[in-house]
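Okay, handing you the structure first.
Chain lettering (A, B and C) follows the sequence in which the chains are written, and residue indices restart at 1 in each chain.
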Amino acid sequence: MNFIEIIDVLGTIAFAISGALAAFSKKLDPFGIIIIAFVTAIGGGTLRDILIGVDPVSWMRNMNTIYIILACVIITFIFKTKLLKLRKTLFLFDAIGIGLYTVVGLEMGIVAGLNPFICIILGCMTACFGGVIRDILINEIPVIFRKNIYATACIAGGMIYFLLLEFNLSNNIVFIVSAITVIATRVLAVIFKLKLPSPYSDEIIKE
Amino acid sequence: MNFIEIIDVLGTIAFAISGALAAFSKKLDPFGIIIIAFVTAIGGGTLRDILIGVDPVSWMRNMNTIYIILACVIITFIFKTKLLKLRKTLFLFDAIGIGLYTVVGLEMGIVAGLNPFICIILGCMTACFGGVIRDILINEIPVIFRKNIYATACIAGGMIYFLLLEFNLSNNIVFIVSAITVIATRVLAVIFKLKLPSPYSDEIIKE
Amino acid sequence: MNFIEIIDVLGTIAFAISGALAAFSKKLDPFGIIIIAFVTAIGGGTLRDILIGVDPVSWMRNMNTIYIILACVIITFIFKTKLLKLRKTLFLFDAIGIGLYTVVGLEMGIVAGLNPFICIILGCMTACFGGVIRDILINEIPVIFRKNIYATACIAGGMIYFLLLEFNLSNNIVFIVSAITVIATRVLAVIFKLKLPSPYSDEIIKE
């Protein structure tokens, strides 16, 4: 198991927990919870695999993904009562998820021989798509379309990734620093309520 | 035409009728009705083909699917006035559809050499996805997320399928019994209002 | 660059502008605007490529698509204040987009050796899917499900296409006439409020 596979597993865990938490908060039945956790965890990777043409998609060839997701649902259920501040916990696992999946998507784009710019888009899609489906299914406004910085954090991580590659650092360091860039950007954006500059500055925006 | 292809055609008919009925109930125009019938009937199979990498997807290589769906729309239109209890009829055709498509998805997963557990997920997705798109397009809560047992019925059928394979029965018997398991589970769940046990037993659940 | 590629680029421009306009009208932030423009422009082609099995999908192998979309967003932003009648402009660019993409989808279906009827469906999907995603993401009722003729215009263009092929005309003329058929049908349908005949003629329809 190489380092990028470890990152992929950790991302799966983060997204499975964020999906399970979201489903718990909506009081779905056990099967609904498993579906949401599953879709959140595999959504981004499935879109990535379909776009670059990996047949069959990754999770179909790897039972571990299934076991990990089921384990995460059970663990989330056990610690449910302690996860009082559900929205904050959910947000944190989501942030970790997009950081890790951005790197996985970038790396798979490079392996597929795609242009760096396309790789960044692919990393961003891999990171964001699972959460978008999760939010659509539980009937929330997709996190990507709320006011704070989200996909932009993935783009920033992607740019750091290609910048660091110029410095001949070891791949693993590039992976870690890029992922941390995404997570930190996202967390700081939420804490300090950072938004992108509005192109409607001369008008009053109703939120 | 082998037995699994016959099951596929019957599933297409069931879903095309369920889609046309749903579109009629929403008073869509003729073209909208055809679209919904088409999407409901081919949705699950298209997702299945994309995930396991069948290029191009099945319905593109087979004009019969198109003819069958158009015929179903016309037949549904003719008998529309007699289908007074639209919601019940719709429910029944949907139940038959998921039963038949579960078996088709399972079988195609086995042919693709996938793990039995993955095959069950694939069967479940093949069965449920058309109905989910139908419900999203006509702006209903997707049937899979309502309170009664739905995807669980497909999982049950999938487990029966692999259980029966152990007994060296003929394939056709395995197909039929598995499909009937799904349909019966779904129908009984609705009649007796069966739900999965709730993980929120200490709280009052508002529906 | 052959003629069908030129049509593809013009369609990308039309849809990128329609997406950017839609995003402006919803006051999304800069990144949201780019995402909507991007998704609207590449949505149809991506679905087409996934269904017929082009791996990786077209826009991943062609940086020009990305540059064109970004340029369209900037141009749309600059002329934003002059685009007062936003809804009408949006509608016009959308109409041009579906006309051009219908032809691209048809042609790629023919190249893939598909049945003419399937080619027409593929052309229609290529044309309509980007707009459907755009509308779902900005929370509008998908244009395809509103009362006026929309997908029907693409079907009409597709039938003209195969009709003209019978007359041994040059391909480019067939492309142009088919695209104009779609655009004119759509524009006239909106101006004269044309609808398909209702199958519910004996009842009062509430809109």
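What to note about this one:
The rule we apply is simple: contacts are C-beta pairs under 8 Å (C-beta built on N, C-alpha and C of every residue); 3 or more make two chains touch, one makes a residue touch a chain.
Values in this document were obtained by computation on a predicted structure and should not be read as measured data.
Although chain B and chain C share one sequence, what matters here is the overlap of their interface residues, and that overlap falls short of half of the numbers used.
The angle of the rotation carrying chain A onto chain C, fitted on C-alpha atoms and rounded to the nearest 5, is 120°. Remark: chain B and chain C have CA centroids separated by 30 Å (rounded to whole angstrom). The set of chain A residues that touch two or more partner chains comprises 50, 53, 55. Considering their complex, residues 50-53, 55, 112, 114-115, 117-118, 121-122, 142, 144-145, 147, 151-152, 155, 195-200, 205 of chain A touch chain C. Within the complex formed with chain A, the chain C residues making contact are 24, 27-33, 35, 46, 50, 53, 55-57, 59-61, 63, 66, 77, 137.
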